[in-house]
Amino acid sequence: MLDGRSLVKRTAGLRLWLSAGWLTALVIGAVLAPWIAPQDPLMQDLFTSRLPPFWMDGAEPGYWLGTDSLGRDVLSRILYGGRVALIVALIAGTATALIGATLGLIAGYFRGWADLVISRLVDIWMAFPPVLFAILLIAVMGTGLTSVVIAIIVIDWTRFARVVRAEAMAQGAMDYVASAQVSGRGRMSTLLTEILPNVLSTITVLLTLEMGIAVIVEAILSFVNLSVSTDDPTWGGMIAEGRLSIHQAWWVLVFPLIALFLTVLSFSQLGEGLKDRFDPVLH
Amino acid sequence: MSALYQIEDLRLSLPDMTRKPMFGAAPRIEILKGMSFTIPKGQVLGIVGGSGSGKSTLGRALVRLLEPTSGSVRFDGTDLTHLSEPELRPLRHRFQMIFQDPMSSLNPRMSVARIIAAPLSLHGRPNPREGALEALERVGLPRSFGARFPHELSGGQRQRVGIARAIALRPDFILADEIVSGLDVSSQAQVLTILRDLVREMNLTLAFISHDLSVIRRLCDRVLVLHQGEIVEDAECEALFAAPKAAYTRELLEAIPEPDPKKPWFQRAS
Amino acid sequence: MSFLKIRDLSVILRGTNHRLLRGVSLDVGATEVMGLVGESGAGKSMIGKAVLGILPRSAKIVSGSIELEGVDLLTLPPRQRRHMIGQKAALIPQDPLTALNPARRIGPQISDRLVDILGWVRARARARAEEILHDVHIPQPERVLRSYPHELSGGMRQRVLIASAFAAEPRLIVADEPTTALDVTVQKQILKLIFEMQARHGTALLFVTHDLGVVSKICQRLTVLYGGLVMEEAEVGAFFDTPTHPYSRALLAATPRHTDPTADLTPVPEAVIAEARRAVAEADQRWHA
């Protein structure tokens, strides 16, 4: 067992560092984009259109990852697009987690009518096809960052509510919860001191997964032009545009795809890695 | 001796969720079918029975983790039967519980000192941390154990932490629910010895739930034998072992394999 | 002649130097009941699992031999080893709840073994399953064969597992704490049944338990383990009269006796544990040298 566990620990450590590394780089790049981006992400220049990335013939210095068909710098657009992706990931992810986990904890620990109401609501909610639901919501609210964030929260809180409810129910049946009751602790206080710390690792994993999902959803919505305004660079938008010129300039499609892929992967691995690292029970 | 607990015609039923119809309420299973007994102050009462006898449910009704369906549970003159949780709270420090599984009864994310100190600070006792470390010493564990986490302890040590938490509030009554059934015999004897000494030193009243009559004999003054939700025998410990009255008590006694090959237990098949 | 012969068996925690079994040797005669006793972590279950080739992945046999009827299992290629174990040995597991597949009926769970290992045809295996359920005193065996595990009580499930273990007429049965999860009254019936089946089939039985009381009732010999090391091996009669090893004496003293009003609780003294630990450390030193 020890051997298996140490192996898990080692790979978990590597996972944690790689994913945290990529995400840190991305955050720095996105925050400092106005200063470090080599070009203006919106500047069109047909003289520099479809320049290849730096290692290929015909590349121009200053356009490291090449340019798209309108001559806009791919690297700069990825950096700026990262801002949108990260804002959506952080705000939508956190808000979804807060709302879903709170409802899940209440349903799972207090049970009774609260559970009845929340569980039925989750059941009904999950019967809607999520992507159609999102498109419908945005059609009503209008496009824009806020709409994207709200759409993600509205659709995905059920994921947290369901999992956290099950976890809270399991923890609620443990004797240390009964023990807290015997020593006279109130219900709310028991929820916060006994149950919450034990479901926190589950919430963390879900939260990072959710951040990855938020990034994908945002990309899908920008792909179909329902996210932020078409002027602002987004990864989904870049992928949509790059698709049209894949035979002439593959880099316009491939680099934002790689950024998207690494980011989503990093979020999910970060969650697993954090859980392994900070769970005292696993040590 | 005056009675600490007076239990009269205690009944408890729970809904049977496995047989719940799609609409309407689930049928109820009667777990405690009318029990009456008293626990005098300072007595060590053994409660014995097989699975499904209702012994754990009875214990949980005594410390009001479960609410009885009917009948009454009086603790030192106060009727606990249908008190709400907020009404119970000021009384809770007087009756404590030690749980069967020390692993699941200790929050894995808290240090031992915090686990024991939590009830102390909850009831506004001064200097809870010091109180917790003193309780640790009382159960024969060094103070340095306060910094450890439950998963770093052996089974016997964990159960001693469970005892420390129960005695830290200096309660009048402790319910011990199968507290040695998961332990090895060596730590079992140790935990029982510690508990017995504490009962004497702190003048505790103890209800000791177990499926094992041989453990009960070493610890208890009096024994209740439960079978399918009813008390089938209520006797002084020595009397029960010398001359068991109920057929079920005799069956339980005969089922214990005593470590002695010379005493026949069942006939060897030919 | 002994049917099962284990010599100097050492098992380590994979990837470490830590030994779980420290050079265990023991013999079980062809129709003998041998008790393996010890506290948690003593390695008693590990021995049974090593014999049956069902050690967890984290454990690895590093030295020694396990002979069944003179054939060393550890030198056989894996396929042959599995085949031989399947034909000659069987397990009565600890937890009747998890040992049966909840999604399948009882009948096929018993007869599968007969088809797989002995190569019987289905019909014959089914007839045998019914017969063996009858042998373990299950009323209406044909009904039980069609039941799912959750429809049976804990005691009944354990009967099914005993039947299943004896169905293929193995020569050795490893019973791994088969009554720990049961009520005392049910425990007695189950032990009686195992004992009766063992006597009738003339099987060797390796009985793993933490309960010296149980050992005194059904075993002929016993082996006391501590930390994966054999402390004492003795005839049951002699052992309960005068255990020779201090650790065994302490273990016996700590086992409560309900019939003796004067007997008191005697925890295993620290000195005895320290002595046993020292023996373990010495064994390790010799092994690493």
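Order of writing sets the labels: A, B and C. Residues in every chain begin at 1.
We take it that a residue touches a chain if its C-beta (ideal position, glycine included) is under 8 Å from a C-beta of that chain, and two chains touch if they have at least 3 such contacts.
The structure presented is a predicted model; accordingly, all values stated were derived computationally and were not measured.
Counting hops only between chains that touch, chain B reaches chain C in a minimum of 1. When every pair of chains is scored by its C-beta contact pairs, the maximum goes to B-C. One inter-chain figure worth recording: chain B and chain C are separated by 32 Å, centre to centre, where each centre is the mean of the chain's CA atoms.
Each chain gets one centre point, the mean of its Cα atoms, and the points for chain A and chain C are 51 Å apart. Averaging C-alpha coordinates per chain places the centre of chain A 48 Å away from that of chain B. Taken together, the chain B residues at the contact with chain C in this complex read 50-51, 155, 184-190, 192-193, 196, 211-215, 217-219, 238, 241, 251-263, 265-266, 268-270.
Listed in rising order, the residues of chain C touching chain B in the complex are 39-40, 183-188, 191-192, 195-196, 199-200, 210-217, 236-237, 240, 250-252, 254-259, 261, 263-268, 273. Contact residues of chain A toward chain B in the complex are 174-176, 178-187, 193-194, 197-198, 280-281.
Considering their complex, residues 60, 63, 65, 85-86, 88-90, 92-93, 95-97, 99-101, 104-110, 118-119, 122-123, 149, 151, 165, 169 of chain B touch chain A.
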